[in-house]
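Two complexes are shown next, each including chain A; its partner changes from chain B in the first to chain C in the second.
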Partner chain A sequence: MDAIKSATREFIGKYVRNRELADSDDLFASGFVNSLFVMQLVMFVESELATPVADEDLQMDNFRSVDAVAAFVARKAAATPAA
Partner chain B sequence: MQLTARQESLLAEARSYVAQEIAPYAGAWDENQAVPESAVAGFAARGHLGALVPREYGGAGLDAVSFGLLNEAVGYGCSSMRSLLTVHSMVVHAVTRWGSEQQRAHWLPRLAGGGSIGAFALSESEAGSDAGRLRTTAQRLPEGGYTLTGGKMWTTFGQRADVYLVFARLDGQITAFLVERGAPGLEVVPVTGMLGTRASLLAELRLDDCRVPADALVGRPGFGLSAVATSALDIGRYSVAWGCVGLLAACADASVAHADERVQFGRPLGEHQLVRRMIADMVTDTTAARLLCLRAGQLKDAGDPATVDATWTAKYFASVKAFRAAADTVQIFGAAGCAEGHPAQRMLRDAKIMEIIEGSTQVQQDYLAQAALRERAV
Partner chain C sequence: MSGTGKTVKCLVWDLDHTVWDGVLLEDGQVTLRPGVADAIRTLDERGILHSIASRNDHAAAMARLEELGLAEYFLHPQINWGAKSASVRSVAEALNIGLDAVAFIDDQPFERDEVAFELPQVRCLDAAELPALTRMPELMPRFATEDSRRRREMYRADQVRKDAEERFDGAQDEFLARLDMRFEIAPAGESDLQRAEELTVRTNQLNTTGVTYSYEELDAFRTSDRHLLLTAALTDRYGPYGTIGLALVETGEEDWHLRLLLMSCRVMSRGVGTVLINHVKRRARDAGARLIADFVPTDRNRMMLVSFRFNGFEEISREDGLVRFAADLSSIPPDPAYLDVLAG
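Showing the complex of A and B:
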């Protein structure tokens, strides 16, 4: 969980200018990020966190903060039987 | 370029198909303001409409680099045909990426075979670069399904398409819908007389209480712009960038051939220094644009989010340079290049379009500068 949060924090840091974000801060609430960020975040979750994002996962609650991304990844991992 | 043997052979095949069946007719299609049905059918028969459709749904399932090479080959011969590949593939990508399993099973085999041609309807009269201002609305019907009301402008291949990816506000939030050509309340009005990509069958869409079924919604409400449109536009921008590489190469080839043959002041044009400079810039820009596109494609194939900015860079560079190369090509041909039906003037008109669609030059400059400033702040 910690590794996921720190990787996510680092990724988001590349796209958010001049801000110390708390893990619970809402990325979309105050326009910290531009309109392409959702797509970039989804690609990051898929490639770096190895968690497929399906159409039904498109909910702000899965992506709005570092905490939300970590919880989403953990939930998906629990739902997928280990290969 | 570091291409695989498969990519090399795909490129060679696409080039020879374009040389035989597309390039010789591009001028006539431009003049008639339409690519004929036979060209669309030929394109479909070669599987190009299924380029991005996964194999399990009957497509070619091309990797991003191969798809790019196909766009270069088609863009070399005809920007209007490349536009078909662009907008159709944007719809394919949206359905593949964000469609439900039922939507994929229904639409992808049709899109792959060309039974259904797709078009992308985002722009409106008041919403161009600022797409977030769009005003088309969607309302839920008590019995299920939705009605859409509003107007879409400049829909490439709108005259020919069978299914449109339409963006509308549902409860105020931008949401994507697949609207079939025959949907009640949809009127398709041809747009003619455009400056460039004149054969790309543009249309205006008028939606008046246009009814669509419940399963027309793609992705999730509120994610129409941030997920569905942005990822489709990323593919569109990538396709246009590669198409511009084709345009650049076509400008360079035409200019070199002419400069070699045309004699003025007792020497071929290619021996006059000022002409040589234009040629040097064209061939350098062609190579540079191709490398930027290749990098964007390799990042796509790796699933790396950095592909998004790399694609903006590639499209910005390739479109600006394509326009300059086309203007220089007209210059090198002189009066002949200005004449009706001359490929140089068509390429110049087509190249200007590339600086407007899929993020205009100024929007790209603004975005890329913003990205650079953001990186420095980290």
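Showing the complex of A and C:
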């Protein structure tokens, strides 16, 4: 969980200037809802965090903060039996 | 010519025996094949970009192209000893266009076969077809608009921008704040229609429905009092991007219906799609209407799905490949501080 959070924090840091980003901070509150950023965040979750994102998972609540991404990844992992 | 029949956005040229007669490494004074310079200039004016995939010495080839007065026409030339399919792919990536919008011209059957095998979407042309090149339907966009005539220049400005972005040591939103972007939204005028049609034909990735509209259809929407046809243009400190966005809204009494929203892929990272969506939302809200949006998923436009789902749209129906969203108009975010929005 901590590894997921720190990887996510680092990824977001490339796009958003707030270096002091808290894990619970709402990324979308600032108006920085750049579709490319969101798409890259989705692709980051899919490739780097090895968590497939279905169309119905494309919800702000799953990507709203570092905490939300970590919770989403954990939920998906729990729902998928280990291969 | 194989391929999908879509308009070619970039023609990638071989050099030896294709652009010029002979082999540069054997004859430093090679001369152009008849018709090459005219074809390049004609296609350039139509807004078709040119690039190069050649096995040659980069410096020598560029120097000769400079002497022949053609160097400026080629964007992201790939002159190296690698496979041509890799070069063609690099060009498409550098220009951010699909491989199905790329054509490749070479005199060697081996090279054409290699590209066709690795990249089946690319249209491969024999250099012998040169005399007919400018009459091929895929190389004849219906209109040459102001934006298409300036396309090469705009891509060059994009290159400068991208270099600046890569050198920039900071987060992406800080870079955006330095661009001094001005985003102008206005109802389409008659003079915008050719570009509007061109956008519907050229835009695949950032397109909510993939429907293409003809000039005549767009003109009918423009003059209809039950429709709103908006164009969006973007400028920054590096120069104009041209008209890069289009929205078509059917303005009913109770429901406003966003039939089409598209943005040029050149502005993918600028956050302006959201600004245009929010502009339409505000107008719908001010008219006291709901806002419904059509979405037709393709294998290319997932980013537009993201744009809706992360901008307060909820799915309300899904049938036969058509998804409908309804917008939450109760809270519409302000436009980002990093750009100026002018709405006419």
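Here is the rule we go by: the second predicted complex is superposed on the first by the 78 of 83 C-alpha atoms of A that agree within 3 Å, B and C clash if a C-alpha of one lies under 4 Å from a C-alpha of the other, contacts with A are read in each partner's own complex, and residues count from 1 in each chain.
In this section, contacts are C-beta pairs under 8 Å (C-beta built on N, C-alpha and C of every residue); 3 or more make two chains touch, one makes a residue touch a chain.
The structure displayed is predicted, hence computed values, not measured ones.
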Fit-or-clash call for chain B and chain C when the two complexes are aligned on chain A: clash
Contacts of A:Lys14 with chain B and chain C, given as first, second, both or neither: both
Partner chain in contact with A:Asp55 - chain B first, chain C second, else both or neither: both
Partner chain(s) touched by A:Leu36 [first = chain B, second = chain C, both, neither]: both
On chain A, the residue positions that both chain B and chain C contact, one per complex: 13-17, 34-39, 42, 55, 58-60
In the complex with chain A, residue positions of chain B that touch it: 98-100, 132, 218-220, 222-223, 225-227, 230-231, 234, 302-305, 307-308, 367, 370, 373-375, 377-378
Interfacial residue positions of chain A with respect to chain C in the complex: 13-17, 28, 31-39, 42, 55, 58-60, 63
Interface residues, chain A side, partner chain B - complex: 11, 13-18, 34-44, 46-47, 55-56, 58-60
In the complex, chain C residues that touch chain A: 170-174, 268-271, 273-274, 297, 302-307, 309-311, 333-337
